[in-house]
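What follows is a group of structures, each given as C-alpha cells.
Next come two complexes, and both contain chain A; in the first it sits with chain B, in the second with chain C.
On to the complex of A and B.
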C-alpha cells in the first residue's frame, strides 16, 4: 500500500513539552526522596501509613505519570504519525492538572485532610480525562497503526478503574460514603494502578522503544500484541471475582504475575539479541528495572513480604525504567529538533552535535550508580533494618538532583545550539 | 536512476542522518530507495521542508521509502 501522509514540522510537538514533563518529574522525585528523609521510619512500618500513601502517589501520579505523558506525546507522532490535536494547549492543561492534583492529593494524605483528598482526586481525574481523550482521538486517527498502539491504549484505559476505585476510597475516607470493608477496594485500586496502568503502559512503551533504539529484533507478535491485553483481561476477571465466583477467579492475579515474568524475560532476551552489543547507561536502567520486576514476581509467587514487593515495583521498576527512557528520549529529541530547525533555516554549514553531547554518558552513569546504591540500601532497609531509610532518602535525593541537573544541562545545551542556528 | 540505502541495522538517529546525507547528493532525476525496519514518521516532516516527495510501502516485513525531488516525476516501478 502506498502512503504519502506525514507530519509537518509545525504539527510536531515543540521540544518544550517533553522538557516540561521531564523537569517536573525530576522535581517530584526530589520531593519524594526528601519525604523518605523526613518521614522514612513511617514508610517502612506500614504500606498504609500517610507517608507511604503520599510517597506512592508522588511516584505514580507524580513522577511516573509526568514521564510517561511526556514520552507519549512524543511517541504518538513517531510511532503512529499522528500528534495530539492542539498539542500545546492540551499539554498545558494536562501538565498543570497532573502536578496540582498530585500535590493536593499528597498533602491530603500527609495531613489526613479529607477535603484535600477529594480536591486532589478531582483534579487528577480531570488530568486523566483530558489525557485519555486527547491521546485516544490521536490513536483513532491513525487507523494503520492501531494494532501497534493497542497496548498503549489499553494501558490508558486501565486508568479508568484505577481512578474510579481511587475516588471510591477517597469518598469513603472522607466520610462521604460508608464502606464496611475497604480492603478489596484498596486491592483493586492498587492492582489496576500498578499492574494495569503502570505495568501495561511501561511495557507497551518498552515494546516500541527497545527495537527502535537498540536495534533488536522485533518482539514476538503474540507476546507484543496479546500478553498485555491478557493482563487487562485478568484484571477484569479479578475485579469480577471480588463480587462473583471469587473462589474460581481470584487466581487471575497470579496469572498476571506469570505474564509479567514472561514479559520481563522476553525483554532481556530481546536486548541480548541486539545488533550492536554496546552497553549504554539507559540499558543499565532497563536491566535493573526488569531484574526488579522478575524478583518481585518471584517474591509474589512465593507469598513473600508485601512491603518488599511494593518496594521492588515502586523503586526498582517505576522509579528506574522511566529514567532510562528520559535519557534515551531527550538526546534524540534535541538532535531531531536541531536537525529540523537547520533544514527550516537552510543553514547548510551547521552540523548538529551527536546525541551523546546533550546528556554525557559519564553523567548518566554517575547518576545510575547513585540510584542503584539507593535502591540496594532501600531493599536492605525493608529487609534488615529500617534505620537505614534516612540514608536511603539522602541517596535518592542526591540521585534525583543529579537527574534534574542532567536534564537541565541538556536543555541549556539545546538552547545554545538553537541560538547558534538562529543567529 | 534508483539509489539504494539500507538503514535497517542502524540505531537512531543514524538512519535519519544517512538518509539526509544521501538526499544532499541526489541528482535531479534520481530517487532514493530506503530499506528501513520501521516507518520513519519524523523523516516525512523534514522531507516536506526540503521539497522532496515520497511514497512508502511494506515488503517482506521491511518498510521501503522512495524519495524523489518534488519537481520530478514519481518513479514508475515499485520494488
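On to the complex of A and C.
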C-alpha cells in the first residue's frame, strides 16, 4: 500500500489565515507611509537614521514577512502536497509574533530604546523559528522533495544569518557587546536580508506564479533551478571572505547584482512570450517591480547612490510585486473557498461570483496609479528635491489605504456570499 | 519508457492553447468564433477529465485507497470547472463580454493551480505506482485527437 500520510491537495489553510496576513501587511504599509510623512526628511539625509531603520523594518519584517508567510502557506500544499501541521495554531503564533516583534523593534529604533530593540529582536527570532520549523517539517514530509521547493527553502534558510547578524547588531547597539566597526555587520545583515531572504523567496515565488497566472512558457530550467542557489552561494562566499579574504568581498556581491539583472531580464522576456495577451493590473505591478530591479542593479553596478538603490529595492521591488500577488491570490481564494463550501453544503442552486467581483479591476488599477505616482515622486525627491518626501509619504499613505480598502471589500464580499450559502 | 506525466501534462498545454484563443476571441467580441472555440475547449477538457476519472484515478485510488485523499480533491476541482464551463457557455450565449471575461479569469487560475498540483504531485505518483497505464493513457489522447 502506498503511504501518502500527510499528503493533501486541499487548498489549505482556511481563508481567514491569508486574509489575516494580508490585512496586517496593508496596515503596516500604512504605518510605514505615515512614518515617511512625519520623519521623511531624516530619511533622505541618512540611510542609517532611526526613521530609515524603522521604515526598512516596517517594510521587510512587517509588510513583506506578512505577505510572504501568507503566500507561502498557500503555496506549500500546491508545490509539495503537504500543508503545515496544526495550521491554525501555528499561524496564530507566527502572525502575532511577527507583528509584535516588528512593532517593538521599530519603536526601539525610533526612540533609541535598547530594551525595546532587544525585546523586538527576540520576538521576531521566535516568529522565524516557528515559521522555519513548521514549514521545514512540511517540506520534509513531502512525498517528492521538489527542486521547485528548493529555492523557497534556501530563501527561508537565509533568514538564519539575517537574524544572527541582526541580533549581533542589536546586542552591539544596546551596549551588551562591544564591536569596533559595525559597518561590515550591517552590510552582512542587509545583504542576507534583502538579497537572500527577500530576493530569493520573491523570485522563487515569481518563477512559480508567473507561468501559472499569465500562461507564459516555463522558465529556463538552469535559470530556475540554479540562479537563486548561486545567489545563496555568493552570500556565503561574501560572508566568509568578510572575515578571511576581504579583497573578494565586493566581487561576490557584484556577482549577485549581475544574477538578479539576468533574472529580471528573463522574467520580462518570459512575460513578453506569454500566451495570454490580456494585460491586467497585477501584470503592471510585476512589470514595475522588475523594471525597478533592473534599474537598481544598473545603479549598483555603476556604483551609484546607495539611497537610490535602497529606494528602488524597497519601494520599487519589495512593496510593488507583493501587491500584485495579493490582487491575484485574494480573489481566487474567495472564489475557491466559496465553491468548496457550496459543494460541502450541496447547494446546487448557488452560483459563486467570479474572481473579478471580489476586487474590481478598476480599483486595483486606481491603487496602482497612486503607488506608481508615489514611487516616481520618491525618486524625484532623491534626485531633485528632498522637500518632496512629505508629499511622497502622503501619496504612499493614500495608496496603502486604498490597498487596505480593497482587501476589506473583498473580505466583506466573501462573507456576504458565505452567509447566502449558509442561510 | 512511456510515462504518465508526459502525455497528461502535454494535454494540459493543449487545453491551455485553446483557452487562450477562446479568451482572445471574447476580448475581440467575435461571438460566432467564440462559440466554436468554446465548444472545442469544453470537449478537450471533458476528454481530459474522463481519462483521469475513468482510467487514472481509479487505478491510483486502488493503490492509495484513501477515500479522503488527493484524488477526491482533484475530482471536486473538475466539478468546479464543469460548473464554470456552464456559466461561460451562458455568458457567451448572452454575448456578455464582462461576465465572460470574469469567468475566463476564474477558470484560468483554477485550471492552472489544478494542473500544478497534478503535475507536481499526482502524476509523479502515478508514474511510480501505476506506470502500467502509461501506454493506454498516451493512446487515449492520440486516439481521439
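Note that the second predicted complex is superposed on the first by the 407 of 423 C-alpha atoms of A that agree within 3 Å, B and C clash if a C-alpha of one lies under 4 Å from a C-alpha of the other, contacts with A are read in each partner's own complex, and residues count from 1 in each chain.
Following the convention adopted for this analysis, a contact is a pair of C-beta atoms (placed from the backbone, for glycine too) under 8 Å apart; a residue touches a chain by one contact, two chains touch by 3 or more.
Here the structure is a predicted model, which is why all the values come from computation and not from measurement.
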**Message:** By the touch definition at the top of the document, which applies to A:340: first (chain B), second (chain C), both, or neither?
**Reply:** both
**Asked** So, A:332: does it touch chain B (first), chain C (second), both, or neither?
**Response** both
**Item:** First, second, both or neither for A:277, with chain B first and chain C second
**Value:** second
**Message:** Just checking: does A:351 make contact with chain B only, chain C only, both, or neither of them? Give me first, second, both or neither.
**Reply:** second
**Asked** In the superposed arrangement, does A:212 touch chain B (first), chain C (second), both or neither?
**Response** both
**Message:** Identify the residues of chain A that lie in both the chain B contact region and the chain C contact region.
**Reply:** 1-2, 4, 7-9, 77-81, 212-213, 215, 275-276, 332, 335-336, 339-340, 343, 355
**Item:** List of chain B residues in touch with chain A within their complex
**Value:** 9-13, 16, 20, 37-39, 41-50, 53-58, 78
**Request:** Mind listing the chain A positions that touch chain C in their complex?
**Result:** 1-2, 4, 7-10, 77-81, 143-144, 146, 148, 208, 212-213, 215, 275-278, 280, 328, 332, 335-336, 339-340, 343, 351, 353-357
**Asked** Can you list the chain A residues touching chain B in their complex?
**Response** 1-9, 11-12, 77-81, 211-215, 218, 275-276, 332, 335-336, 339-340, 343-344, 355
**Item:** Residues on chain C engaged by chain A in the complex (per definition of touch)
**Value:** 16-17, 19-20, 23-24, 27, 63-66, 69-70, 73-74, 76, 79-80, 83, 87, 99, 101-103, 105-106, 108-110, 112-113, 116-117, 120-122, 124-125, 129
